[in-house]
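A quick write-up on the structure given underneath.
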Amino acid sequence: MEKTLWSHISTVRDQSPLVHSVTNYVVMNNTANALLAVGASPIMAHAHPEIHEIVSICQSVVINIGTLDEYWLESMLNAATNANRLNKPWVLDPVGAGATSYRDTALMLLLALKPTVIRGNASEILALAKSNQTKTKGVDSTAESNEAIEAARYLNKNFGSVVCISGQTDIIVADGKEIHISNGHSLMTKVTGLGCSATAVIGAFVAVIENKTEAVAAATALFSLAGEIAAEKADGPGSLQMHLLDTLYNITEQTFLTRTRIK
Amino acid sequence: MEKTLWSHISTVRDQSPLVHSVTNYVVMNNTANALLAVGASPIMAHAHPEIHEIVSICQSVVINIGTLDEYWLESMLNAATNANRLNKPWVLDPVGAGATSYRDTALMLLLALKPTVIRGNASEILALAKSNQTKTKGVDSTAESNEAIEAARYLNKNFGSVVCISGQTDIIVADGKEIHISNGHSLMTKVTGLGCSATAVIGAFVAVIENKTEAVAAATALFSLAGEIAAEKADGPGSLQMHLLDTLYNITEQTFLTRTRIK
Amino acid sequence: MEKTLWSHISTVRDQSPLVHSVTNYVVMNNTANALLAVGASPIMAHAHPEIHEIVSICQSVVINIGTLDEYWLESMLNAATNANRLNKPWVLDPVGAGATSYRDTALMLLLALKPTVIRGNASEILALAKSNQTKTKGVDSTAESNEAIEAARYLNKNFGSVVCISGQTDIIVADGKEIHISNGHSLMTKVTGLGCSATAVIGAFVAVIENKTEAVAAATALFSLAGEIAAEKADGPGSLQMHLLDTLYNITEQTFLTRTRIK
């Protein structure tokens, strides 16, 4: 498995896919830098008069609702619709799902467009599934991580999306499969937008890797391991961000094969 | 005093308040990182359909007019109004006060909503007071720092806000009190958005500390000292930003008690 | 030549021009930091009710269409028009020229306002010239760099702009002149927004240097050399961004005179 994932990392570096992000203001800079560091090319654009053309020249689309508003939601729906029309993969990051009814409405509209991949933390994945279920079908297992896996299965089954639940262990849920990746470091939660950057990197991988589950696994393993290595070198969250970009750029096959913890 | 302030720093780390920022595009990333580094949780959201719900789940609100426009001004007024309605503290950063009549109009509307705290540099605090005084009540002392203190007293008296004038010495003005903090470093002025980050950190402290004057003093002392230590380690403004986040995250009681200069 | 350019770098440090940027969300933070590092003062503002006042207090304007939309395009046209009315220099960064017809329309409107300087990579300069030529006047030399120089000459001749084509070698095209600067480093392309930062730094130089061609050359040589030195110190793109800001701030006359490669 690790060897396959590394070959996908090489493919992204070689093919340098163009990734269109409609994302939040807070993370645009470090997200674009994460894409560049893994070998992809970022484009960020949201204007209604051009969004269909931007989608048409890119190889994948990333939609992140972190700082959405009425104009941007229309941009997002437009981008996802065009990605579908052109048969291009798109990734949804449901930031703050469950926090407001506006977010939940926005997410229902986006979910209906069947994202290729959804990545969020356990509570976001749970909220996303709950807001899309009738009350009688509630997700009702007790442990939160189990609950989130149930929610991910629900989303996978109903919308066809590969779902990545990020956390201490990242869990990828796809048709009949579950992949657990135990890299990463707790200090990563003290840097803003690393989840959003992970989502963007997934966008780069689904752009050029046919097997979408493997694409998500490769992106997630790369990002979490790079964060783990960066945290070991860092003196705090400021230096972690810097080392993360350096590590994403420099990581070697040997390090990846030796240190990735997947099952 | 220093021991009390340190206990407030510990409280923020322990309670990890949720801070809602309606702030400017330039500083969103480093502001969110500063909040994370002191132990708080940042949320940035501005959409009219959800802003009241975001305010309702947060413990404080930070409003920064740096890149305001018509839509965002409405978001800001909405957020401040809801914070007041829910009896939650909110902090105003009057970036560029006095630069344009649009800013001054916006600030008059915001001031009327009685911010819990106002933080700005001397010229912003002066401009804020001047634009809200009738001409016959002009602030007219001669030295700028003295002028700014007069202006701060005016704002405190008329709007009930604790006022923090940032500069080589940070001066906090509240009912009958004045606190001077002489930490910081001139290199901090060469990094964009450190004033905005200081304001956000104040937002984290007023969220969980009852005594608002002490909250502002603790946040200001922490931020200025962290900047001073970071500047000593830095080779320039790029590394200062990195070391600042690391230092905010790592600073110990002993360092704080030894190096803080308050009177 | 190098001595003249260094004197311009000193002038910017001494006079600390106020530079108004109407730029894209992705690069606002690192662009503001680049301006501060070379000694300038950045302002970012786009609100229609205040943009004319902001232009009136600044010494130059920088317009970058990276994440333009309907509101921001109006801000940009407004800023450029006011800069012209007040006889202040302004710089255009045609990010993504040629990518969408919306961008090309926006750029045609901006070009008609005769930017003092245009800075872009070869394909942007080419697209900018092509979209403004009738079909029979197509730029049709074969080698891309030569093509871009032809395009730059066309833009200079028709709009009076000094044109800077950035790339492995940066080429500045002005009336009857061509300056080649061979500093820089390939790792710079792995950091988002360094082209945009270079444009902003050009904005600082044209604000206070009378000879606009020399101003562009000084800014470009400084930025490319600082990037080159930063890349030598960096372990990857994350640390390059940090070292770049430190180097822009610290670079000395001796280093500049010794290492700049201009012809």
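Read from first to last, the chains carry the letters A, B and C; within each, the first residue is number 1.
By our rule, contacts are C-beta pairs under 8 Å (C-beta built on N, C-alpha and C of every residue); 3 or more make two chains touch, one makes a residue touch a chain.
Keep in mind it's a predicted model, so treat the numbers as computed, not measured.
Student: If each chain is a dot and touching chains are joined, what shape do you get: line, ring, star, complete or other?
Tutor: Complete.
Student: Looking at where chain A touches chain C, is over half of the residue numbers used by both copies, so same, or under half, so different?
Tutor: Different: when the shared numbers are divided by all numbers used, the fraction is under half.
Student: Degrees of rotation, nearest 5, to put the Cα trace of chain A on chain B?
Tutor: Here the rotation carrying chain A onto chain B measures out at 120 degrees.
Student: Give, as an integer number of Å, the spacing between the C-alpha centres of chain C and chain A.
Tutor: Going by mean C-alpha positions, chain A sits 33 Å from chain C.
Student: Among the residues of chain A, which ones contact at least 2 other chains?
Tutor: Residue numbers touching two or more other chains: 25, 29, 241-242.
Student: Mind pulling up the chain B residues that touch chain C in the complex?
Tutor: Against chain C, the touching part of chain B is residues 24-27, 29-30, 66-70, 96, 99-103, 189-193, 234-239, 241-242.
Student: Can you list the residues on chain C that touch chain B in the complex?
Tutor: 25, 28-29, 32-33, 36-37, 42-50, 53-54, 57, 71, 241-250
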